[in-house]
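Next up, some structures in structure tokens.
Both complexes below contain chain A, partnered by chain B and then by chain C.
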Partner chain A sequence: MSAGFGRLLHAEWTKFRTVRGWLFGVAAAAAAVIGFGVLPGMSGSCHDHACRLPTGPDGTEVTDSFTFAHRSLTGDGSITARLASLTGILPPDPGDDQPQGEGPSHGPATPGQGRPGLVPWAKAGLIIRAGSAPGAGYAAVMLTGTQGVRMQHDYIHDVAGPAASADAPRWLRLTRTGDTVTGQTSADGSTWTQVATVRLPGLPATVEAGMFATSPQYTESTSEVFGLTGAGGGPTRATGSFDRIVAQGGWSAGTWQPDKIGGPDDAPRHGAVVDGDQVTITGSGDLAPAVSGAAGLGTTITQTLVGTFAGLIIVVVIATMFVTAEYGHGLMRTTMAANPRRGRILAAKTVVIGTVTFVTALASAATTVTVGRRVLEANGVYVHSVSALTQVRVIVGTAALLALASVLALALGVILRRSAAAVTTAVLGIVMPYLLAVSVLPATAGQWLLRVTPAAAFALQQSTLEYPQVINIYTPVNGYYPLPPWAGLAVLCAWTGLALGVAAALLRRRDA
Partner chain B sequence: MRTALHAEWTKLRTSPATIWLLLAAVTLTAGVSAAAAATIPCKTAACLGDPAQISLTGVQLGQAVVVILAVLAVSGEHATGMIRTSLTAVPRRSTLLAAKAVAVTGVTMVTATVAVGTSVLAGRLLLPGSGYTAAHGFTPLSPTDGPTLRAAGGSMLYLCLIALLAVGVATVVRDTGASIGVMLALLYLVPIVTQALTDPDWKRHLQQATPTAGLAIQATRHLDTVAIPPWHGLAVLAAWAAGALLAAAVLIRTRDT
Partner chain C sequence: MIVVNGLRKRFGPKTALDGMSFTVAAGQVTGFIGPNGAGKSTTMRVILDLDAADEGTALIDGRRYRSLHRPLTHVGSLLDASALQPSRTARNHLLWLAHSQGLGAGRVDEVLQRVGLSAAARQRAGGFSLGMRQRLGIAAALLGDPRALMLDEPFNGMDPEGIIWMRGFLRALAGEGRAVLVSSHLMSELQDTADHVVVAGRGRVIADATVAELRAAVSDGRVVVRTPSADAGVALIAAGASVIAADGDTLTVVGLAAQDVTAVLAGKGVPFSEVSAHRPSLEEAYVELTRDVVEYRAGDAPEGVR
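Our next item is the complex of A and B:
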């Protein structure tokens, strides 16, 4: 960096810091980001660790709730069984003429009045599990409601097996050899197909193994309709009937022990009936990663950053005025007389506004995520834990989002030279796509907007993962974006780069 | 007052930005409305869509243009120093403010009539294609239908009140960029924050107490589930506009220019 550019930077920094309104604005942006994050607008009922989620072997928060009939298996061995039938009960039809606005509304659990049916990920099959403690490691081969035969292990892993209908009987086999578990399936009990072999590190010598059934929450989005966002749904249950059970290896003596792991204690919806060679299991819940939003529990740190929008509007106004005020007062002519190389003026302004915004946003986002999380928890809202790396990405990403938005606004200010046009274009270009996506537009159109407009960068704030094996309403309002974080950042970078390029070209060519 | 009004009308009429902004307001409002009417589906007789509301979706974008128009009519004079000339010519400052408010409202009303009329027409033509058909229990949009007339006429009033609120805010803030920032925050930030809240009470209070409560005037179905009844919502916006104009009247009298 030459001394000339250093002086230019210093000049631009002086212009910025000596306008009281702008400094006030930067402080207001920081206050807005933090203020909205700790707003007491959220409250929940998770006091005193009442709804702490178990964590799986790799530390992910998981849903671990199912019914099974098990015996102890020491050393290697296998279990084979025929799933004679898989049936289930769905919640009552959510009353088509009853609009369900105002956020998630999970109807009261009235399983007795449900209608027959299976959710796509209702599961029944064989399981080998490190123990009955919540979050214990496991491997399972299962038949699902509509997703065919699957082999799943340790909550987050899912391998597809052959397609199979839940209407036909299905043979399943699970074999333990050392710390690997192999799942097989067969349509007739004689021709077997291997689904997958998985490794469960640290699997103890003695494991609990047997048959299980579970069925996740039924979730239905009503958000495709104008102005009404929300989710309908309720608990479901699945019943699997097993027969022709063959257990080989070091199994404990005795009959299959019915047991229920996790979930609320309402006995009528769960149970395992052992009748000679026939075992019938009814379960409700899931063996899967825990998600936030409609189908899950609580919220994520993403929701604490809603103030980003307020900060964004303020930052955009300041960045635009950083240029348009010079045009308005004719100061631009002086600036250009002092620095004939106009591209460098733009560069210096970019560095100043970008740095000021980035540093301010970084500090306020870090404060919001840490303090906001504590405020939410004190209000009884369950906040999903995230890895340190994700937390850093969300905080730095928020700062990058605001800094890039400020540079985009600056470039628009140079291009349009009028506050009114530049502020409106910048705010509407970034905020409006998000607003339309979360309020008015059908889900697909909204996701498309969040892929191609500068608002794509909000993907940087996503803090939890989407799992195909968990049905949920993965929408921006619940903190799920259509693009991965870095792709979203790239989209905003591209828009900013384009605007800067046009601004530099126009600045060089036009009169001041 | 008549001469002041005539002067304001001349300023507005001869500003090169005005005609483009008015065209933009009509195009954006009708365009977004038509896009919404063409894309928001109604698949069953039990669908929750509100045809009038859908066909007036564009008002949510058109209001931004109205804001620019109203803000520029005030802050443009502050930026150029023209305000000093204006106040010399019309020494009673509240008269000047009133004249500006009336001129901006008049222009907005004409624009809103065209924009809303086009939107309703587009809805009438496009909504049946999206499933809002007689088979699903919908009649074509018609201004002779009471609730539809209320939604359409109310949307015009809504845009006028937004313009008045913007005149008030711009008179208080005086800077173009900052005024537009304040207005856009009021109009677009609140819905986003509201979406993020989980506490239903807070959510409802925010929906009831902020300027965008005025959009409730567009609801024609499921009136038992809305946060605020249609005319109450418009009254809330009217109160905001009155408050802003009052603050503007006090400040324009007491401040130097």
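Our next item is the complex of A and C:
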């Protein structure tokens, strides 16, 4: 850095710190981010460890709830069975007359009162599992409600097999060789197709293997027209009837043992009925990553940063004023007379506003995530755990979002020169798309806005992954953004870079 | 030394500068005078590289402004005394400017003292009167202890005491060897201050001279004679003068210097009570010079009153 630029930075920093309103504004932005995050706005019922979710082999929080009939398999071996039928029960149709008149059923509707049907990811098939402990590793080949044959393992991995209807019988085979498991399927029991071969590192010599069934929550988003997307639904169950079961290899003697893993102890009518060569299993739950949000459980650290938009508005106003106030008061000429190299003026202002915002936002976000999480948990809200790396990305990403937005606002100030026009443009362009997307806009329009506008960088705050094999309301208001974090950041960077380029060109070309 | 050479600039259809050329020499106050719209402020902005001229050059000690390192140590300028962030204190306003030139707070306090603003240093500039703002602007121009100063209408908004102070201050700055360019649209403000006057009109220089030369240029050698005698006219005509006006006991003659008129009348024994050379004031000279270039005059219907 040249001495000249150092002097300019010093001057711009002196300018910034000697306007009390701007310092108050920065403090207010920090207070907004922290305030929204730590004020108790949610409460839940997780006051003990009862709702602590199991974690899968890679540490992901998982849903591990299903019914199965199993035997022990030591060493290599295989199991083949025909899934003769896959049926299920859905919750009562919310459109049906309900004497209680309580609106769409959410919680405890008993599937037994429901209507026949399968949710898309109802599952029945064969499974090889490291044990019965919650979150144990596994591999399974299955027929689903509408997603055809799948091979899944260790909760988060999903491989599609042939399309297959749940209405027709389906042959399935699972073969263990060392720590690999191969899933195959057949329509007729003679022509077989391999679905996938997966590795389960550390799979013990003796595993529990057999047939399983489970069926996730029925989820339906409601009132999407006005954007206030909610979820209706309830528990479901699926029943798989297996026959022509052939077990080869080191299987334990005896019959298939009915068992239920996970889920509430009083969950009704789940069970495995073993009748000679025929095994019928009814299950409810899922073998999948646990997700947060409307159709999932609890929330994430993203929720604590809900005040970001308020801090963003304040920061955008300050950053814009940092330059438009100079134009308004005629000070820009003084600035340019003191520093005739105009590109450097823009650079110095960018560094000052960007650094002030980044440091403030970093401290605020770190405080908010740490304290906000404790507040949520103290209120009984389940907060999904995230890796340290993700937490750092969310916090630093929030700081980057605010800092880049402030620089974008600064550049808009240079381009437009008038405070009112520049502040309006900056708020409409940067904050408004986010606010619309999380409030009144239909989900698709909102997601489109969060792909192309500077607000795309809110994706940096997403702390959990979206899984196609788990149905959920993956919307911004639930902490899910349409772009990956780095793509969202790139969109904001592109806008900021473009605005800076235009600002620099205009600054050089225009008379002061 | 500031050398302006052949500046031309148009703002849309309006010609702001039309071949403006002059020199501001060190050690004297150069008055830059002209009616509103004459191009004075535009010229100053071009010198500071704030506005780009379409043609011509403006050099400070032979260099363009934008090539100066720490430019405020070469040229100090006051373009608009109201150009202040109202919520910033006077001292902080100077402080950021000082930092931009690598100067410290000590220099800020020095210039505040020099313009008599020490007591108001920590007051918000937004509360300053225009006169105080002018002083603050002068302080800003002096921050870098520059060899050249350029002040646009520094007398604006000053009370009589302030105007007297400003005149003395400008003389003192020139006395320190600095080149001082001061613009005004009122010649009277500069009457006893400027050594040299550049009169501008419609974007070009219409007179560039010392104050004495300027006066002489508009003086046409008229001599006014006040006499009760009717013989005065005859005597003067006989001596070679022409009487161009007679009004009661007052004659206006040309063709003879005042002392010659006195000698002729005394020689012929014609009584007279006064013989005086007509000496136009600087103001009259200025009005005379700018008669044709004033953009808006009383009685006209200007499209925009400035």
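In this text, the second predicted complex is superposed on the first by the 496 of 512 C-alpha atoms of A that agree within 3 Å, B and C clash if a C-alpha of one lies under 4 Å from a C-alpha of the other, contacts with A are read in each partner's own complex, and residues count from 1 in each chain.
As a working rule, contacts are C-beta pairs under 8 Å (C-beta built on N, C-alpha and C of every residue); 3 or more make two chains touch, one makes a residue touch a chain.
Just so it is clear, the structure is predicted and the values come from calculations on it, not from any experiment.
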| request: For A:G21, decide between first (touching chain B), second (touching chain C), both and neither. | output: both
| request: Check the contacts made with chain A and report whether chain B or chain C touches more of its residues. | output: B
| request: Could you look at A:V427 and tell me whether it touches chain B, chain C, both or neither (first, second, both, neither)? | output: first
| Where does A:D511 make contact in the superposed view: on chain B (first), on chain C (second), on both, or on neither? | second
| task | Go through the superposed model and pick first if A:A310 touches only chain B, second if only chain C, both, or neither. | result | first
| query | Which partner does A:L143 reach: the first (chain B), the second (chain C), both, or neither? | reply | neither
| task | Figure out whether A:I395 sits in contact with chain B (first) or chain C (second), or with both, or with neither. | result | neither
| request: Could you list which residues of chain A make contact with chain B in one structure and with chain C in the other? | output: 21, 325
| field | Touching residues (chain side chain B, partner chain A) in the complex | value | 17, 36, 39-41, 44, 46-50, 53-54, 57, 60-61, 64, 67-68, 71-72, 79, 175-178, 180-181, 184-185, 188-189, 191-193, 195-200, 202-204, 206, 219, 222, 225
| message | For the complex, give me every residue of chain C touching chain A. | response | 45, 48-52, 65-66, 68-72, 77, 79-80, 82-89, 92-93, 95-97, 99-102, 140
| query | Any idea which chain A residues touch chain C in the complex? | reply | 3-4, 7-8, 10-12, 14-15, 18-21, 325-326, 329-331, 333-341, 511-512
| chain A to chain B touching residues, read off their complex | 21, 36, 39-44, 96-97, 99, 101-103, 222, 224-229, 299, 303, 306, 309-310, 313-314, 316-317, 320-321, 324-325, 328, 381, 418-424, 427-428, 431-432, 434-435, 438-442, 445, 477
